[in-house]
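These are the structures, in structure tokens.
In the two complexes below, chain A is the common chain; its partner is chain B in one and chain C in the other.
Then we have the complex of A and B:
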């Protein structure tokens, strides 16, 4: 939380890392307890269990997403990329990007933005000679993505494997790279990326504060942090219906479609355990981001949090 | 009691829409407690999926567990009131590769149950270890009954002389449906033939199913036979004892 005194900015900057340090020390001392769904486990156990969950669901991940949300997750992801509004030349890091949903949408978006850009340019070049026109086609300027790039980073090999297969199947190759990495300790230099996204991934991170700090570190000054995640429904009627659907239907869908009840039981429990909108906003501010805000989708079933590194 | 590592946080139980008996703990390893609504959804979903993708044997298993609430207690009672069945319920034998002495069974004379059972496993390239453990049965003894039913299935194939192709499986399902009354067997017997060719359907309808029904009705409960103690017994003699007519 931002301090009230004039040195507030500095303290806020230091506060985050200091708290993390204390947390780590406490963790080492006590074998920190954390949660896995509604169970209590150590941090080490939690990481292992989550790894197992995603190894198990990787192949049916997309099918299950469509079944559980009746396809609505596609709209949520579209909204995220539209909110991002990337221009050609943007460098995006998509963390926990596993099967590539955000990355592919990003590529589509900059591709059409680039096309519009080129069309505009060509319209202004009506009076060029043939020589000049052919030169402009040959120049490096005719890049379909305009130097935009997306790095998909995920901690789970199976999810990355599925993502790469999908990319090949759908024909995505340019401007796309796949990196195995941990959100709590990213294998990237400081100040590298224009945008950092994490869609339905931050919930599975064991130390959210560390992930947020890493996000801050790898973003360029002026860079944007975007997080799409399940959140808290405040409307009591919708909340009851949502709970009913989550706990009664989703594990059954998991068993019938993916042969895996337990992973989907974990999913619905982990949603309930995740901090609600305001708390997550505070955590993002703690990591040093400014202009932090959130947008509820579907009455809070899902929320997009956004922040800037200034 | 609750299983090993996990325990529920008290906070989690308050105010969440978790209907049904999430409060009751695991009755056996692998047990997943489910509410009546969940069981109904599972039954419907597994039935559809089993028909849509016949390779999803786990769906057939789930269907059996979620619909067996009347038939399973019946079976358990039949076993309790029979001396051999009662012993099985008490001793809880398991048919698994680790418990079977394969070399000994192979060494038995041709025509004996053990020899023919091993031959059946080899010919059809199946193993008794691929049977799903029960998950959704909310009674520990009934869970064993359905587990026993699954593990004995291959022995039934041997006794009925049916291979593991679609036709053979349907015939065994007819026999099991008459004997157990499990809705999963009834559904399997009724809907299994959908995927068969006309010629096979004819054989099925004219010869195999009538024989299966006659045998099923005539025979005593096949779960009341302690197969592990009868490997040396000739198949024909065991058939006569149970009351299964010779296969066509």
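Then we have the complex of A and C:
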């Protein structure tokens, strides 16, 4: 397993051009060439391989996230939901949201926003009759989320299973639904959702442009696209330390904790292959979004891209 | 040791691959940019009336947006604002959302909720409120700048009437009083939530913009009052009027008299104070000069 890491990268690097030569002939039949980490594969193969990766990591996904990022991923996800600032009544589509991290944070945020809303209403109407007071309490009971809903969509059944179990364990039942679907071809109607989020998922999509177009399609006019993803670090010092950590520590952690070196090797390589901030911004603009902007977290290790369907 | 050497080699080769990637990306980028340009070009072909700059210009002039709204009202099909988006810039849409949000301020205060409600009335999703800062400062600044524009128009109209000879030119103190009263009356519909707005405007993040708006408004008033000073008076006049405006605003916030009579009386007194202070300053100066001359004379007498 130890030999697999850089040797694998070296061999893949040498094998790549050769494979590309033969592949370019076969490519016309088997599908266009794309990347899987540092390897070159066809799109079909890539989808299959990514499916396998997530099937094998699903059960240890949360544990690995915590150990790889030393728990900082929770802060990143909190910042994403804070940036979204959802009001009660918002419809969220969380794509590639497998284990439900964003969905649960959204529900918490909306619940407290709803409580504040009801309190403000009570304060404004000081002369309430007993009838009105009891009605407001009922409202609080029956609509604690104020009609907000979140749909968690993921392409991988295992990830959804883990998410559902987590929801049951943590006690989230209302306003939550789980759908199996492909980001490149969402099983939803046009103009449905207020917000579309994809946290650490767009890296695994084979055709990012298709996913962005689908995002544009299912969003209501005025809807918001939010993407949280690993991105490019421009500071050279931090970049070296980050590379050191990524290539030396993370696959080892993967082997020790999840018993799966290759998946975490893929993770780290896929981060390097992902387009940097400005390029992703251009791709989002091409899909038709306006006011596209990004915010770097941790000097560019992670970036939040935001765009509006106007 | 061999493993380490291999690892280093792998690392360097990976670096080389990164360089290759940079070469691969530019050709794709060119295709993407031309897709965007084509969209803008199409809009320009559809829009013979508008200038080529307006689509993504960040500072449309005051006249263009009004023209836009008049020319393109018929083409707004109401499909969630999407049709009209091809014809107006993002800034204009934001302007419309904030204007629509103002009617929800008495209920929700100067917050992102008011902006979300405003977006809903335009047929947009509530998530469109995410375009603005979450503390509601964009809404307040928009309102203040709208009020200032209205005040400028009002003063311009009065000025024209005076020039045409249809109205008498007001004395300075009357002019200032009327201008400040007109501007403060625009706050009346929102007076309950105005303290919240003032506190948000005083946040360090917002001070540059709010100060900018305040000073330009005061400058406007003095311009129309006919101030043409080029000496230090320019600063003292503006500072005095800013003081009058701010204190009157604060008085207005806690005034419960019918139609804010107390506030206007306070304003009148302050303006009168300012005028007499100007006279007093002149008197002090002439007294001072006289005293100095007297002293000089005494010194000459004594030395003789």
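Structural remarks
As a working rule, the second predicted complex is superposed on the first by the 272 of 310 C-alpha atoms of A that agree within 3 Å, B and C clash if a C-alpha of one lies under 4 Å from a C-alpha of the other, contacts with A are read in each partner's own complex, and residues count from 1 in each chain.
By our rule, contacts are C-beta pairs under 8 Å (C-beta built on N, C-alpha and C of every residue); 3 or more make two chains touch, one makes a residue touch a chain.
Just so it is clear, the model here is predicted, and its values are computed rather than measured.
Residue contacts after overlaying the shared chain place A:272 against chain B and chain C alike.
In the superposition on chain A, contact is made by A:219 with chain C only, not with chain B.
Of the two partner chains placed by the overlay, neither chain B nor chain C lies in contact with A:128. Using the contact criterion defined above for the overlaid structures, shared-chain residue A:290 touches chain C, although it does not reach chain B. Set against each other, chain B and chain C touch different numbers of residues in chain A, with C touching more. Contacts of A:251 after superposition on the shared chain: chain B is touched, whereas chain C is not. Using the contact criterion defined above for the overlaid structures, shared-chain residue A:38 touches chain B and also reaches chain C. Residue contacts after overlaying the shared chain place A:180 against neither chain B nor chain C.
Judged by the touch definition given at the top, the superposed model places A:240 against chain B, while chain C stays out of reach.
With both structures placed on the common chain, the touch criterion links A:191 to chain C but leaves chain B unconnected.
When the two complexes are laid over each other on chain A, chain A has residues 38, 243, 247, 272 in contact with both chain B and chain C. Listed in rising order, the residues of chain A touching chain C in the complex are 2-3, 5-7, 9-10, 13, 38, 83-87, 89-90, 117, 191, 194-195, 219-224, 243, 247, 272-273, 275, 279, 282-283, 285-286, 290-291, 306, 308, 310. Across the complex, chain B is touched by residues 35, 38-41, 45, 240, 243-244, 246-249, 251-253, 255-257, 259, 261-262, 269, 272 of chain A. Those residues of chain C whose C-beta lies close enough to touch chain A in the complex are 3, 6-7, 9-11, 13-14, 17-18, 21, 25, 29, 32-33, 35-36, 79-82, 85, 90, 93, 112-113, 116, 119, 122-131, 134. Contact residues on chain B toward chain A in their complex (touch as defined above): 5-9, 12, 16-19, 32, 35, 37-38, 41-42, 45-46, 48-49, 56, 58-59, 62, 135.
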